[in-house]
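The block underneath contains the structure these notes are about, expressed in structure tokens.
Labels run A, B, C and D following the written order; every chain starts at residue 1.
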């Protein structure tokens, strides 16, 4: 075990996988400048700066992946992926199916996402739901340095295109990372805290917020289970359903805008497949349906905070198991 | 496929062009009368397909687009399996999942076909990168239209291939139409290839209806790429003789422009040249037509008797 | 009243709005070729063919909209919008907010979507959920010629960017369109059939399928209410909630892939806000999480069909109001 | 703003450049020490901003990008309101919603600023279209970097503006850096402007550190656009003297290249020229610095005492 931050965990994952497999290479706008250690070890052929053009970066990754390489591309901030949707969705995501299985696309597209740097709505926009809704892709979004490393290694080894989101609010937070070849399987959630009264499901930087909320709830005698999804596609339905069958209550929390966000998928799935276990409405806490502002206080207020999570959970638990009054209306800050 | 440029006789090029022409004509007629959705034919552009593909070696790779039958047939693909794909049958090259618009044939090196206009351009540098990282000497031929040249990805693709020295033969088939829009409405100037200079890329514009000229130009370009490891942009200047897809009444096409290009039909041009040279007779042409017709009879029989894919195929081949 | 198809209804809407307001103009790849009547009436300055470049088409619409014009752009097939996500989402959707309200973006981006023409996954891909999840945009998807016309007129008059999806399966189906200045407000659902036992919520070409299912259900003595959302953003939460409070049962039906599709938003909202009214699990019937194949039988099988809708509704109605057994697992064809 | 080229004295250009330089320096220092996220300064590029903007007329419009302080100040924007925006205060030009990266000021014609690299290029033709449809004679100046010129939208924007005859002055500020990547890693050749020829667009490359040369070139380009109604691509060849954003240790920058450009600092160049011409004295410079300092003191006082936006602003200005 050592303690490193997520940025360095990514660096370790890249280095280890490039060492293990000579077909792995990395490119992007400035990656060779920013990850000098990789250039030193693997050279400028395998670690490349690119022209400033997200479309061709992603397209080149797709073309290379289909013909024997395993590229990792850094697309910087999530909104810039808007320039590479064609290549990621129509090519990498679909051409395997369209070709009747003749090709596969083992590539990783990385991007930073979320609030924290006051950079405004053209840098800060959580788009993971777009990719979850797009066939042929996998999507991961870790919340701990160990998972950043382990999921990136799994993503590089996966034979499918994986979109890897780094929540910028977590990039420089240190955490323990196991030694050795630490690989975290894509599609498995982690139960960060066990509980019996309410299930808090989240991913990315709102996982620590859920844990804080769970602490607060514990002092009220409410036992919250906290599930970190880690992977959004495939996502660990079984883990969530099992938890809700135990607790009967679900709060889904994420930073992305609520409307048609990934939380809707979780809530809808639970309302369908664990309906009989539900003792209260399923609640989503999420960013408002607005672009995030640069101004620091507004940027913070966009993101569901521990207090709100705890409040929602308390309301759910305090609620009569099945009453005829309308469900409490719980909204994220500012929604 | 598999031959080097010097080995092909012009009569063989003619036979390939006729195969393509008849394939497209019969496919269109069959689809349209059967109520199927149409296909995008390359009628009028056979010289571009045959000329370029015949200049490639066996390890070279091809990326193409929605108007791909010529490239596929010139590369030696089975017309029966292409047609089965067009008709959505399970025996098609892509199990019927592609349909007519994005047929790829990995075993022949015809890879990563995209019907997103410009999709082939976005994928080409990556294929070139694989080839170059693995130290292979293959050339990657990427076919795209004058329309695709309007997409931003044309710019990004050319630039990246130039900066990274990727062995890509960009082939712009300038057929002067972009679906229902004439190229004159979409760009100033008649040609795309000169833009290559801005990226530091060599280029040439060739008469796309003269198969021997195309083949020579392509052979030179391929040789240049093998020598330098750098990309090259070849523009084959030609004309789309039929509509954008079938059926299409072409009511928006200037009849005199169309007529002037039909007068320079690539098959008629080569036929006349070969007759003039004395290497081809009317009987020779008839023999070619007969061979082609027989192949296509078999192809149509195969495709129409092939089954549709099973409904379970809905969700297979999504993930590896 | 006259009977016309949706394609012609679109033409009427464009002509009427261009006649009414000289700042309305239309451009796209071939629109001036395909809508000759508009060119004849309004000339080549207001009806323009463009170069083949979806990004700049959308970007130009955004720039023009911010400075006094009301452009309508035709982006052809929905997957081609992947080339214009940057312009639609980061510019048209966000720059009003980012600029502190200095600009508005009254534009309409049209695209065809869905199965029907056997054109394969790079032409046939239902992406409406992407836009619903993107702030600052509105999204409509009509199911009748009258709504094609009325919603397009409303979209052109709206001061916000509106993404207008035309389900290709409906484009050439005739229907009655009221005479006169027929405008359908964005955000209002239509109850296509009233019922008391189960609510079927849908949009686009699966609305007629729901109506067929409702017919079948009626002959079993089950009364289904069919709601056509028409607008997906804003969507008519109130109409859906009111219906579910009456029927206690919800089936959401759409063609787009199920995972993180718009149906998840509807299901999650109902599970939150009408929880106490629910007498059975909320069910989503949708396309599988795969690219659609070109092959005709596969293309058809992708789309939820009336039989499946009726079967699901029957199972929900037949179900004990609240039992402890797991919810019936109902999947769309092939999912 | 509001003046025609002939009316501005070089001393006024110098004062604008010094205002910009001091604004950027103080902003960087303040933000960095206050733990705020950095800003992208235009230090070293003041001549490009001042030269071009001073050649515009009052009705002309400007689109810019993340490195916009020079353009804004040259256009007459209030440094206090820019700074308030950078600091996320409600008195900023965009109510604190933009922050430093996409400040637009509609009342000054500085519109549609985007921090998506290339965003300004995608919006520019539409603004040109509005102007041209309304029959106004305004020119739309669109500032973008050498990095933006690598995006596909550069190609699409130039081509559309050319085909539709839109009155856009494309200004490529080639500062030779694209964040952490030198332009030599992203394109062959030193300049972007010659690519304009491929689109049928006129172009010029000008020494971007010589404000008078920039102003003259821009004035010529603007006149040409007003005359022809067609776009023009002007490249100001300059250098980014500070990092991509603040703070940035520039460890990746070749010190000798940086030094050679600092030796051609645009402010020093003009100062020396004016002293040499005898129209400026050391006292004159000191007076400029004093005026600038006073304005900036007021600006900083205004911005730092301004409130943050109310949390209700989270969801306002989303829909019109």
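In this text, a contact is a pair of C-beta atoms (placed from the backbone, for glycine too) under 8 Å apart; a residue touches a chain by one contact, two chains touch by 3 or more.
Please read these numbers as outputs of a predicted model, since none were measured by experiment.
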(request) Name the chain whose C-alpha centroid is farthest from the C-alpha centroid of chain C. (result) D
(request) Quick one: report the Å distance separating chain A from chain C, using the average Cα coordinate of each chain. (result) 28
(request) Averaged over CA atoms, how far is the centre of chain C from the centre of chain D? Could you give it in whole Å? (result) 41
(request) List the centre-to-centre spacing of chain B and chain D in whole Å, with centres computed as mean CA coordinates. (result) 46
(message) Could you work out how far the Cα centre of chain A sits from that of chain D, in whole Å?
(response) 36
(message) Where in chain C do residues touch at least two different other chains?
(response) 50-51, 53, 55-56, 79, 82-83, 86, 90, 97-98, 120-122, 135-136, 289-291, 293
(message) Two or more other chains touching the same residue: where does that happen in chain B?
(response) 96-98, 102, 114, 116, 118-119, 150-153, 156, 159, 163, 185-187, 318
(request) Once you've mapped the touching chain pairs, tell me: line, ring, star, complete or other? (result) complete
(message) Which residues of chain A touch chain D once you look at their complex with the stated criterion?
(response) 29-30, 33-34, 49-56, 79-80, 82-83, 117-123, 288-291, 293-298, 301-302, 333-335
(message) Can you tell me which positions in chain B touch chain C when the two form their complex?
(response) 36-37, 88-90, 96-102, 114-119, 147-148, 150-152, 178-181, 185-187, 252, 308-309, 311-315, 318
(message) Can you tell me which positions in chain D touch chain B when the two form their complex?
(response) 150-156, 159, 162-163, 185-189, 194-195, 197-200
(request) Mind listing the chain C positions that touch chain A in their complex? (result) 79, 82-83, 85-86, 89-90, 93-94, 97-98, 120-122, 125, 127, 129-130, 132-133, 135-136, 233, 256-257, 259-265, 267-276, 278, 280-284, 289-291, 293, 322-327, 329
(message) Using the touch definition from the top, list the residues of chain C that touch chain D in their complex.
(response) 25, 45, 48, 50-51, 53, 55-56, 58-69, 71, 86-87, 90-91, 95-106, 135-136, 138, 159-160
